[in-house]
């Protein structure tokens, strides 16, 4: 049943990609594109219901043998038959993920119909989008690491294609490449992680890994190695320190893409993967601490950058990085369900924020700089309202979805994570509220700063865009109630549902402490909102400017994103390119030089003297050695082109052969 | 009775003289003639060995060598003629097409 | 029916037929050549019918005395490894022929004759089991390639042709010496007799002979540092030449390792494995680095071949069944993806008569189909899961890991860099603004051109999604080879029954 | 006695060979070549290779040398006066052939086969003919084909240039 879920988007992608571009009308394209995801969503829903009703916790559908068995030696000296099936696995975690992916995906597809209405490559866009949905579904349904990796790389490819969708923009093409490459760096770790698991366990099946890890079949060291390597992969995909720089650049893509891929689904793949292998990660306390610290660090670090950005989508991009940091904080504290819970609520409100931002951009004919916005409250009222809901949710205002999930993460971090991580998490929560309301105040309040032409064209988006926004706003507001904690009279149903696939969270807090923490996180969020209000509405941004002047260097540092991009580009990429140039030169000068020298005699025979002279002289000048030159000068004289000289060479050869004969016989 | 060493000496002498001719002369025709000398030197040794070993094989091989000499001369002349028609010379120094 | 001889020499018959055609009839020549290579491909497909994947033994064996006094036989046979390579050869030759329809204008007849002769040589190399016969085919193949580069090549064609010829000739001379030494030990040139003999050369001698063979093969692969002929040959060769060069000729080196070095010199192979792996890893990283800096598309793809062939060597010398199978599959994969990449460069070159990356940019908007094909093949080359490249690389990496994880790590670095140069190339050629006016009116793929890519795309997806048929064929031969190299592990596996499946 | 005759012919052969390669006039060279060829035929006779001697006279003396004469007459050019070798030191031109001669001599003299006893008074033509047409039938036929090919080839090469007209 559930194996059908990914099929529909694949068919949609094929239809739109192969036929749609040439033959389909716009209507047909959008029917195929949206319809396939809708079908997929229905299938997910049906599978979900079936899972709830059924008695099985885990369903596995084995499609066919992908890589047939081959022997590999194992760490313990034995051998195992390494085989990979193309198989899907459906359990509560997969159910949540498929519902999020297809549900949010469906809304974004619908939204795209309006947003991309005027684009020439309409069919291509939907083909990519469907392909992405397919890959993402393969990622969350894959029953082993190899199938997961198909999806993992597949979403990377689609991300590449969609970021570079407007490929004639150089920045877009470069951003796509950057995203793919950064992910590749992560994949490097991921593959090594798979290797470790295969080496110590002899299998890469997700269920088996969890089972064996639960049984303690691998040592702590091995578990730590595997976990950390896999986590490197996760940092790439989920844009965590140190591999986060691609995500802000990825905003070059169309806004629905940013919403779907770079907020709701793909970037959370790392979170999903860690939750999926919870037993492995649980085995290694070190790995968990690293994850928690990286998560918390990223949460604060990215938030600081979000504070100063002026591009509306970049603010949201940094916000995404920061929020995923929270998810990892939750995972690192051992609260896998909490991480996934935040993943879900984040999917709702961040998709909402992006789409609403897209609606703003759409209204302003492509303007993304918040300094040229302002006062849009009355011009795009629906957008404003839904944006506000999303902002409140992300700020952790009690009652909205973000509050519940973030609170749960912070509580678990307090209970079982490193305390520093928890403290950072709280700090980040305040900053989150601040920057998101800074964004709201700059965009929707205050004077209108856009130019006249833009002001005149400014319009609310069509229903095809606002309806998905409303639905997402609803989900952002109330989606958190599925995980309503016991303290507030709920049943923490979400966590319980996930228990079968992510295990039970051990850390428990006293009710009083929990309440205190809840109050703290709510308070920090509200304080952040108030702070933004003070700075950007009451004082009209004056304090911000004063701060900027006061801490000019610091501001510059943050505004320029800590110069990490420059560091990566200059030192790492530049270094690699320099190395490449060096290697190329080595090839040309040294190896070819040697070859040329050694083959000089025979080469001369070949009548390529002009080129060769250049090469010889060059080689000599460039320090290959004077020997080379002299030898070649001598040898060059042999090659006169006169027959008798060749005859002499023949005689010389005969002499040599005869010498051999004389000595041998 | 002819001692085999003398035959060898004669053969080698003709062979080397032929080689000198090929290497020193720049007249194509003379070069070809020198090649004939080389082949003759070879034939002398073959005939001598045949005589020495009481076998007709020496003569038979020598006949084949003569045959080859004929062929070589024929082709050589054809080439010289066509070359001469093009260049109006048979100075080997002008023939350095191989140098390209 | 002597099907292997038929398959091997059918192109020769085609070449003779071509020679008989009158000179002026260009179209007839092209048509005949295409039909011959097409039929040849169909004929190699026929091999599949009688082929039994369940055995490691040679099949379709043909044996006849050839030079009795020297004990040289005309001995043909094929197992799964050679089967795949023969199929690859006939397919790529067919596609290369098809791709030359417009690309070649002068000396048509000779061009196609050389192409067909080349095919004879290549297929002969893959099916001959007598070492001397193998050597003869190995050398025969050099000649048409030399002319293909030297006559129909680019500006520096002569330099490239000579370099190619000398390099490979040098290598094969070393190999010939090795062959003679081997014959001294076994008293025969018969590969089947050697592997069946149960004895090997004495250890000290084995080392030397291994090196002699390895040099011949390494130059062909080409392994670092013997690779510098490759970029030149590729850049100067006509498109079809590049396709065959990358697609098939390079495989002859790795095939030599699998077929001769590993089973005949197991001890030496084990002993020199660190050296070979070291060179392979160097090639992987080095080739990728150099690729990054290339300005010429063909050179870039050529250097990427160096990197990819490094993977193959790495897999072969890890000696685990998984890695060796991956390596064999990767040979096929590389033939498909790199062959296709060269075809794409050829398509662009035909239109613009330049191969400099800087002359392109923004082609995606003018040539969407080309862009799509290019993307698929670039991804296949990068090793995107779901496409062929991934299966091979993944199997190699996983198979190497238990032997030494550092090797996997270094090779993984190559994968990262591989994505780098390929995507950068793609970005610079296909993305960006269409700036040069010369590019504004480029035509997209014609039906014929698309037909050359289509089988490769199908294969890329096929191997990527359902590689089982391909892996099933090489399963037994590879396991036999690994058993020869590592008798103890294989014995353990056999002793404990089917390996534990967890 | 035979040896004396052999020596006479041998000296004549060597002398005229030296003349062949030293004459500046090609026509003189040819004449000396004829001498050499005839002397060698004499040597053959002293070595009891009468048939070979006959062939030598007929084919070489009557055929090849005459051909040389014709060619020289046809092209009718005087020897270029300057005898100049390019680039290669003369010493090599002496050294290498001499070295080669030395080597060949070493090999040949050191590996002299023992003389086989046999009837004095010449080898029978019959034995030669029998061997030529039985054991060596195939090479013989191949040689015939070679000659045919040479005939056609030579005509072709020489004629095609002619048909292009005077250039």
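General remarks:
Per-chain numbering from 1; labels A, B, C and D assigned in written order.
The working rule: a contact is a pair of C-beta atoms (placed from the backbone, for glycine too) under 8 Å apart; a residue touches a chain by one contact, two chains touch by 3 or more.
Predicted model, so just to flag it, every value in this text is computed and none were measured.
In whole angstrom, the spacing between the mean C-alpha positions of subunit A and subunit D is 85.
If each chain is reduced to the centroid of its CA atoms, subunit C and subunit D end up 52 Å from each other.
Taking each chain's centre as the mean of its C-alpha atoms, subunit A lies 80 Å from subunit B. Subunit B and subunit C have centres, each the mean of its CA atoms, that are 48 Å apart.
Residue positions 19, 23, 26, 93 of subunit B each touch two or more of the other chains.
In subunit D, the residues that reach two or more other chains under the touch definition are 85-86, 93, 97, 100, 104. Subunit C has no residue in contact with two or more other chains.
If the chains shown are joined wherever they touch, the resulting network has some other arrangement, not a path, ring, star or complete graph.
Every pair of chains in contact is given here: A-B, A-C, A-D, B-D. Those residues of subunit B that touch subunit D in the complex are listed here as 1-10, 12-21, 23-27, 29-30, 32-34, 36-37, 40, 43-45, 47-60, 62-64, 66-71, 73-75, 77-82, 84-86, 89-91, 93. Within the complex, the subunit B residues that touch subunit A are 19, 22-23, 26, 31, 92-93, 95-100. Here subunit A touches subunit B in the complex through residues 607, 609, 639-644, 646-648, 651, going by the rule given at the top.
Subunit C contributes residues 156, 158-159, 162-163, 166-167, 225, 227-228, 231, 286, 289-294, 320-322, 325, 362, 364-365, 368, 375, 379, 384-386, 390-391, 394-395, 397-399, 401-403, 405, 408-409, 412-413, 415-417, 419-420, 423-424, 427, 430-434, 465-468, 471-472, 475, 479, 482, 489, 492-493, 496, 498-502 to its touches with subunit A in the complex. For subunit A in complex with subunit D, the touching residues are 637-638, 640, 642, 644-645, 648, 651-652, 654-655, 658-659, 661-662, 665.
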